[in-house]
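Per-chain residue numbering starts at 1, and chain names A, B and C are given in the order in which the chains are listed.
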Amino acid sequence: MAGKKNNTAIKNSPKHLLGIQNLSIIEAKEILEEAKEFIKLNRSDSKKLDILRGKTQINLFFEPSTRTQSSFDLAGKRLGADVMTMNMDNSALKKGETLIDTAMTLNAMHPDLIVIRHQDSGAPNLLSQKVNCAVINAGDGRREHPTQALLDALTIINRKGKIEGLKIAICGDILHSRVARSNIYLMNMLGAEVNVIAPKTLMPKSIDRMGVKPFTDMKKGLDGCDIVMMLRLQNERMQGSFLPSKREYYEFYGLTPEKLKFASKDALIMHPGPMNRGVEIDTKLADDINVSLVKEQVELGVAVRMACLKRYCK
Amino acid sequence: MAGKKNNTAIKNSPKHLLGIQNLSIIEAKEILEEAKEFIKLNRSDSKKLDILRGKTQINLFFEPSTRTQSSFDLAGKRLGADVMTMNMDNSALKKGETLIDTAMTLNAMHPDLIVIRHQDSGAPNLLSQKVNCAVINAGDGRREHPTQALLDALTIINRKGKIEGLKIAICGDILHSRVARSNIYLMNMLGAEVNVIAPKTLMPKSIDRMGVKPFTDMKKGLDGCDIVMMLRLQNERMQGSFLPSKREYYEFYGLTPEKLKFASKDALIMHPGPMNRGVEIDTKLADDINVSLVKEQVELGVAVRMACLKRYCK
Amino acid sequence: MAGKKNNTAIKNSPKHLLGIQNLSIIEAKEILEEAKEFIKLNRSDSKKLDILRGKTQINLFFEPSTRTQSSFDLAGKRLGADVMTMNMDNSALKKGETLIDTAMTLNAMHPDLIVIRHQDSGAPNLLSQKVNCAVINAGDGRREHPTQALLDALTIINRKGKIEGLKIAICGDILHSRVARSNIYLMNMLGAEVNVIAPKTLMPKSIDRMGVKPFTDMKKGLDGCDIVMMLRLQNERMQGSFLPSKREYYEFYGLTPEKLKFASKDALIMHPGPMNRGVEIDTKLADDINVSLVKEQVELGVAVRMACLKRYCK
């Protein structure tokens, strides 16, 4: 009897947040609307609700992460969930267990939410087919990082009042960036015009099929943009065939006050963090509270994750 | 005054769960009965009680573990305890502290429960003599893993309705297995007939004194069994003098559909996990929901641990 | 709007616990008085309050620590806070983030308390200038460890009824010890007479300016002392130019029953832990419940930290 219930429950599975690609515009707007309430909560004296009391959230991180993991951890706790974080980079897989074995084990413990970050594109999708609970993608390989795009959208709306009609530049390692992919989907969906800027070696072929305009000349790509999203340059790309040198990258693709002048005069800067100062962004620009939204992105990230946890839980 | 209280409190120490060997049949049955309630709770919408609110549970893991640690962590949180998990494989013992020093330190912080996993047989017993709180053994060396045996018993009862009169085979590295030892004690106590199956090098001498029948021929050992418990083959045994090769082990002691035919026709398979597919068990059998109870074991493990935490706390 | 609030909030920043040096005698006494209530709570059946419900406490540990981290973790949980512990020795700084970047990120998540341990002297002060929440120093480089000194004071008061007029010896690696510095400030402030005992190589120059009497002869330094605080000898000092050998250190500066006779006849021993038995202290003395306050220090440490978390939170 017990086993039966276990085996059939997978049929009426709840919905998951696997990527922006699977999200409707209505769903995206509802999440953003709900998140606004949590911005207020997080700024208030008492940051605790009972919405997820009695629910179990498991954070399953196969890649280390300071900010995303912390953000989901606090989001769950502030909603009253029991939160368990598992850093899987070391212990679990030493014993040779597969992702699916781990998933089945955790699933049997009746979590209501699994938040997963994994180095392989598609891992959250695979997971979602094997478990009864909601799966939230916290970044998978080069594919998607949907909560990052949602928090970026919320930050823009919070500052500019809207996304529709804005011109947004995304600049950096477009080829390997899940942040870029999720943002391209979401900003397009919400009515922005998107430019992507990258050296040829870091620009995906047929990127124009994603509805964006590609630029290898940063100044041209920034022209008239309201928002400049800089991507983190992964250390592993800096050496090897993708890039000649950090210095040269900064010269051509690092955001400096001079290059920023090509954007709209009230342009704002975003970065998913952590920043490589002096590589993809000038350190003064990064800290300039008049143009940099970096801190606000982190702040609103907790709110967006609270909205997602609440929405997808059961 | 403070010190006095501290020093005398050890006299009226609470009881501990150190092993099945120390457990009476009444205690075992009470734990299993209590756990049934928690199975229901864990399958319900709201998995949270206040039974251990105000209590402090410390998980002290000297060996890494995904499933046992997660299981105890969620069990404690769902009962409302404040849970602190300490992975001691790295940080603490670097400074040269002994188990007892660590225990005395933690004890002074007034935990109500310490859950300990340790590579040395008897470590939980030593610990229990030094602290004022209840100690739950989560696996010690080659000695005992009592909550594993209890969850196995609960799983069997859940499926077969009883343990008394059943014929149970335990197969694998009997010599080094704390899971085997705890299960031999418990299944015997609850009225099952137990066969143990292992190659000679992995079979303890005078195992028959434990009230079981030893077999080196797996087919003979499985004859008529209702339950087949497969043990995990530790990687460190696979090379060296204990075993010729993985391939040969699988040939003689791996559970395959062919060998399973020698057991009772409605025989069910168990494994404490994580499984070495293709070593001790055929991968299809492992995933066959008609015969494999592996997921149910994990599920009921949380319930059994909740029952133990509740029982032994104060 | 959101950003504005964020940027101005730093002006009316709350107060921090950065060191005993910044603490007034009134503040110290209030903390100690408040802590007494928490001693009782921690010894009671139900160790849980709602004082910090809705508050977020982040433990940011750049150096590993068993007891201090556990102590702050339990202190926060027992007060009802949402506690998140981050071990920063590995993951976060791998990506090249600075302390300040990490701080700004965490600050944006609206914690109410950050407890920081860092290998650099002054790190908590720097942090406190960058964040909106209260910062509690859990040990910074060679500078201060204020909660250790406060728990030591509480332990002495608990046993001796007072600190004023007592004669206290602090013995060991005075030069590198933040525990020594914080205790010198606090014990002086509370009216004790302080002797410091160390070999010349481990005694700071012009230590007498701190209002203490320096001794290189342990027996003379212990003369008539009511409290003997032994410091932990760091392993890294044991080899190299500071000390000839462990053996010789024990001979001259290890606390033995013979040397203890030079102190007052009802002298009590303290140690911040973990102890190097046979190096700075005789193992029997360390465990002698008639003279050693080591366990009580750990116990009262949780109470002192609860008092600090409560006081500095908003």
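Just so we're on the same page, a contact is a pair of C-beta atoms (placed from the backbone, for glycine too) under 8 Å apart; a residue touches a chain by one contact, two chains touch by 3 or more.
Predicted, not measured: the structure shown is a model, and the values here were computed from it.
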- Message: Given that subunit B and subunit C are copies of one sequence and touch, is their interface built from the same residue numbers on both sides (over half shared) or different ones?
- Response: different
- Message: Please compute the angle of the rotation superposing subunit A on subunit C (C-alpha atoms), rounded to a multiple of 5 degrees.
- Response: 120
- Roughly how many whole angstrom separate the Cα centroids of subunit B and subunit C? 39
- In subunit B, what residues contact two or more other chains? none
- Query: So in the complex, which bits of subunit B are touching subunit C?
  - Reply: 2-3, 5-7, 53-56, 58, 82, 84, 86, 88, 90-92, 94-97, 101-102, 104-110, 314
- In the complex formed with subunit C, which residues of subunit A make contact? 39, 42-43, 45-48, 64-67, 70-71, 73-74, 77-78, 158-159, 235, 273-276, 289, 293-296, 298-302
